[in-house]
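A short worksheet on the structure shown next.
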Amino acid sequence: MNMTTDLGIWVSALLTLFIFSFVYKDNPFYKFAEHLFVGVSAGYWTILNFWTVIYPNLWEPLQLAFRGQGVNGDRAGMWAAEQGDYRAFLILPGVLGLLLFTRLFGKIGWMSRLSLAMIIGVYVGIKTTGFAQGDFVEQVRASLQPLWTGSLGSSFNAILFTVGLICSLLFFFFSREHKGALGVASKVGIYFLMVGFGAGYGYTVMSRISLLIGRFQFLLHDWLGIT
Amino acid sequence: MGFWGFLEGLDRRWIFLTMGILVLVPLIWPIALPLMVTPPVRGFVEAIDALPEGSTVLMACDYDPGAIPELVPMTRTAFRHLLERDMKVVVTVLWNGGPGLVDGVLHEVAQEFPDKAYGVDYINLGYKSGNEAVMVLMGQGVANAFPRDYRGQDSRTYPIMQRVSDYSSFPLLVSLSAGYPGTKEWVQQVNTRFNLPMVAGVTAVSAPEYYPYLQSGQLGGLLGGMAGAAEYEKARNEADSATKGMDAQSLGHLFVALCIILGNLVQWSRSRRPGE
Amino acid sequence: MKRELPLFMTAVIGLFMIVSFFVPHQWVSVPADFLQASAIIVVAFGYVLGGANVLRVNLDAIGKRERDWPYKVVLLVSLIATVAIGAVEGRGFLNPGMKSRWIYDQLYAPMSATMFALLAFFIASAAFRAFRIRTVEAALLAVAALLVMLGRVPVGNLMTGFLPEWAQLGSVQDWIMNWPQNAAKRAILIGAALGVMATGLRVILGIERSFLGGED
Amino acid sequence: MFALGLLLSAPAAAQDGADAGAAIPQVAPPSGLVWQDLPNDAGRAIRLEWKASPDDASGAGAVRGYRIERAESPAGPWALVDSVLAGITSRVDQTVRRDREYFYRVVAITPEGLVPALSVTGPAIARSQWINGERWSILVFTVLFFAFVLYYIASAQAGKKPFVRRIPGIDAIEEAIGRATEMGRSVLYVPGINDIDEIQTVAGLVILESVARITARYETPIKVPVTYPIPFTIAEEMVKSGYLNAGKPDQYDPDSVRFVSPEQFAYVAAVTGIMLRDKPAAHIFMGAFYAESLLLAETGFSTGAIQVAGTANVHQLPFFVVACDYTLIGEELYAASAYLSGEPKLVGSLKGADLIKIVIIGVIVLGCALETAGVTGLTTWMRSQ
């Protein structure tokens, strides 16, 4: 055992223990760590986004633009925008970004909706096509598979998969009462869904225990110097 | 009252304590249970091994400290794997909490390779807000989305970035992700749209969700959670923190399984007890 | 005006982004690219606003001497200190050796990692106290959970090492993941995709307005 | 721009492509350079392909690589575009401007010097396209689905009430409230932990209105702890209107909806506190849940309350399924809110999704049959880029 003398590790270790103390019951140590965490993360996110996004993606290109230059140097002009080099047009996101702060001032707060509207518009567009391609068409395409593959085992798997997929889809069918053949299919569907949830349960257990292992490894190795 | 009654009235803090001890003990006294490399992990390794030497690989590290035990070992092994095969590596981070952590891991591994230089053989482009918007924007130029790297230098001035224009510069995307935005979004926005093959390493919580992508070929390989990381280490003949954690992981799983079974036995014994 | 203009903007931009997926021409792709670049910037402002909001809410709480207000002082001080140190250190603030990096490594990272590690304890007690096999469905869930949980780690193969390889827990786990669970996950994936697309359509049509928040 | 560093160390005399022909051509030159405008883009690239020098295949190192050179007229001057290693015979030039004429040639790099191809290719022009030809399948399915949704929204708005099956979970909610009434205890309703921009929160709040109507009818108190300010005000409205619709506005308790905290674990601590202190006889969880689902479901279970849950967050469903008496799975949550509110936009989306699911199942059945018969046309058509 070779306990560290690094102050930083001591601080981390104590904060880790403060949070673990919640397992016994809610207490002032936990509350202290929790509030410290919220404060530090809010501060860290703020400054991180300022230095790594607002500064290089907005402020610097704008400065260049006002000098008549751009990130692609071969054209001059404040408004000489092309793909990837938007020059002074970046004023627009700058203004929309600042408008977000009108939320803090009651009366003109509605103006922040303009910024919101722009963000939502972009994401709605990207997500709609992203889901349509990656999770809808591409997934349906991958489901079109030969049901007889030449070997009994893999054919069984392919048929099982197809039946499971169709029945699970039918479980989420709301235009008919689940009676008769549809009732049977949706019942089979729910069985497949349950196996899926069981697998999910197992993997979630794995994740959570891993996190605990990670913290214990930190405490044992970095702090106490064991192993 | 008897045994079942005793179990039923048990304060749950005893369960917490047992769990803690079961995870702690094998970390101090390892058992070294044998590992087996499963097909999704093999797919991950083979995808990287199949790349032509000297390729430039995009490694998207989308996680924060909450995923250290699962994703840091993967990042470490994958980065080492890529450097050993003389690949150039471009790293991006879309999670707020990630950049410092990822930088630390890259730094640690790069020290094992004295002939590899920052900006020449690998670069950390750091964090960018905007999730999917960043992914699509990179399709028109990686440096457009990341004008400066993690260190605050102009990213266009690095030699490695001379080789990188957009996604067509990469033969493979290695996505290490803990949730949103992450592997799912890379698949939706980049994999098919920009025709960029992908492999992924993810937290166990989200791993089952990615099996459909694995079956469809959208993902070439998958590392799920700490077990996936340990198998990857085994496939690469390393034995780092994930491998060392596997004994504790095993005991933890056994204990949870036992809890499920005992909990239900308690319930049945109560329903069979007369007078209730 | 206060509602119509934002709704109109969302509709136009959303539709435009969808069109840009199908139309590669520069008249569409360049503005679409610009919109994405802009979204990144506005989102970053959003995080800064988030910080300002936390500041305001907690100042309020301290002013009103709400319950636990001394903790809010801790919160405020740590927030302001983190921002101030980062601001002084400049754009390389996360480089090794910086004070901000110390805050990140020794405060932010360990606490963030520990918060969810707590769940390892709770998951065990929930398994014991709140995992009831009362129906066929729950029984299937339990069997799959047990097989996957044990099959995914080395101990599973140790327990079933005497069986032929296809019957060992590791292989059974792999089979469950690849076939039955995969079928169910794909159905959920497709259903969720339809949900997102339908929501997208409603937002673009201006009939989904919940994102604009309260009245006026 | 692969392997640029390596190849630039080729003989210094060959730096200017225009003089390259001066080297002694012991190695046969590459040939057959063809260009193709890269399809489906905004005129940003030209794809080049050539036949390797016959001496390249030997692997003896006679050819180190190739330089791709570009000029604006067939006579030069030639500028280097890119260089590649030996054995590679194609490259995409991404540095072009659209609608401009370019001429290309490919030059073999050998240890002795540069060996240019004997002919020049061009003029090559990069043009932009109006439609991405690789994405027809996505366009077709998206338009079809949107048409279905719009049709049903329109028909629901026109007053035709499309059929939506009753969701069993809704009966379970009513039963649970009944039980709470018998026991003289309250009902706890949790509308998820996300803000209003999450569609599940909206669904949870829609369902809250109907739940409040039932509790008003039974005269059973309801408690609604909320995470964010906007859902908080909407939740208040919902509960109020539930009591109003039940004809008992005077029974409404303004304290029933409480703003707690947006912080996950602080919120959990507060809600489990309510569970243990007030012992509500029914817990209803409807909305977006994350890691806290485990804690809520367990504490709730231990108090012996009837629990009904609903969420589309798949990771959390297992914990609800095993600890709750009834669980709405994924889309059932949206279906329940559409069923209860009867709102055209929700019902329309639901029915549209139903119809496209039938189409999907049809495609899967047909596609599997075709694939089994060895016909892969449908699968190929659906592949996109």
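For reference, chains read A, B, C and D in written order, and residue numbers begin at 1 within each chain.
The definition used in the following text is that a residue touches a chain if its C-beta (ideal position, glycine included) is under 8 Å from a C-beta of that chain, and two chains touch if they have at least 3 such contacts.
Note that the coordinates shown come from a computational prediction; the quantities given were computed from them, not determined experimentally.
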Graph distance between chain A and chain B, where chains that touch are linked: 1
Pair with more cross-chain C-beta pairs in contact, given B-C and A-D: B-C
Between chain C and chain B, distance of the C-alpha-averaged centres to the nearest whole Å: 16
Between chain C and chain D, centroid-to-centroid distance (C-alpha), Å: 13
Chain centre separation in whole Å, for chain D relative to chain B (CA means): 20
Multi-chain contact residues (two or more partners), chain D: 42, 135, 138, 142, 265, 314-315, 318-319, 321-322, 330-331, 357, 360, 384
Sites on chain A at which at least two other chains make contact: 22-23, 34, 38, 41, 44-45, 48-49, 51-53, 56-57, 83-84, 122-123, 126-129, 131-136, 138-141, 143, 162, 165, 169, 171-172, 193-194, 196-201, 203-206, 209, 211-212, 214-215
Touching two or more other chains - residues of chain C: 21, 26, 29-30, 33, 36-37, 39-40, 43-44, 46-47, 90-91, 94, 104-105, 108-110, 112-113, 115-116, 119-121, 123, 125, 127, 129-133, 137-138, 141-142, 145-146, 149, 152-153, 177-178, 181-182, 185-186, 188-192, 194, 197, 199, 201, 211, 213
Residue ranges of chain B touching chain A (in the complex, touch as defined): 13, 16, 19-20, 23-24, 27-28, 66, 68-70, 96-97, 99, 126-133, 136, 140-141, 144-145, 147-148, 152, 156, 184-185, 187-189, 191-193, 203-205, 207-208, 212, 215-218, 224-227, 241, 244-245, 248-249, 252-253, 256
Chain D residues touching chain C - in the complex, by the definition given at the top: 40-43, 98, 128-132, 135, 138-139, 142, 145-146, 149-150, 153, 196-197, 199, 202, 230, 233-234, 265, 291, 294-295, 297-298, 301-302, 312, 314, 318-319, 321-323, 330-331, 334, 345, 349, 352-353, 356-357, 360
Touch list for chain A against partner chain C, complex: 8-9, 11-13, 15-16, 19-20, 22-23, 31-58, 81-84, 86, 89-90, 92-94, 96-98, 100-101, 103-104, 110, 113-129, 131-136, 139-140, 143, 157, 160-165, 168-169, 171-172, 189-206, 208-209, 211-212, 214-215, 218
Partner chain D, residues of chain A touching it in the complex: 22, 26, 34, 38, 83, 128-129, 132-133, 136-138, 140-141, 143-148, 162, 165-166, 169-178, 193-194, 197-198, 200-201, 204
Residues of chain C defined as touching chain D within the complex: 21-26, 29-30, 115-116, 119, 122-123, 125-126, 129-133, 137-138, 141-142, 145, 185, 188, 190-192, 194-195, 197-199, 201-202, 207-208, 210-211, 213-214
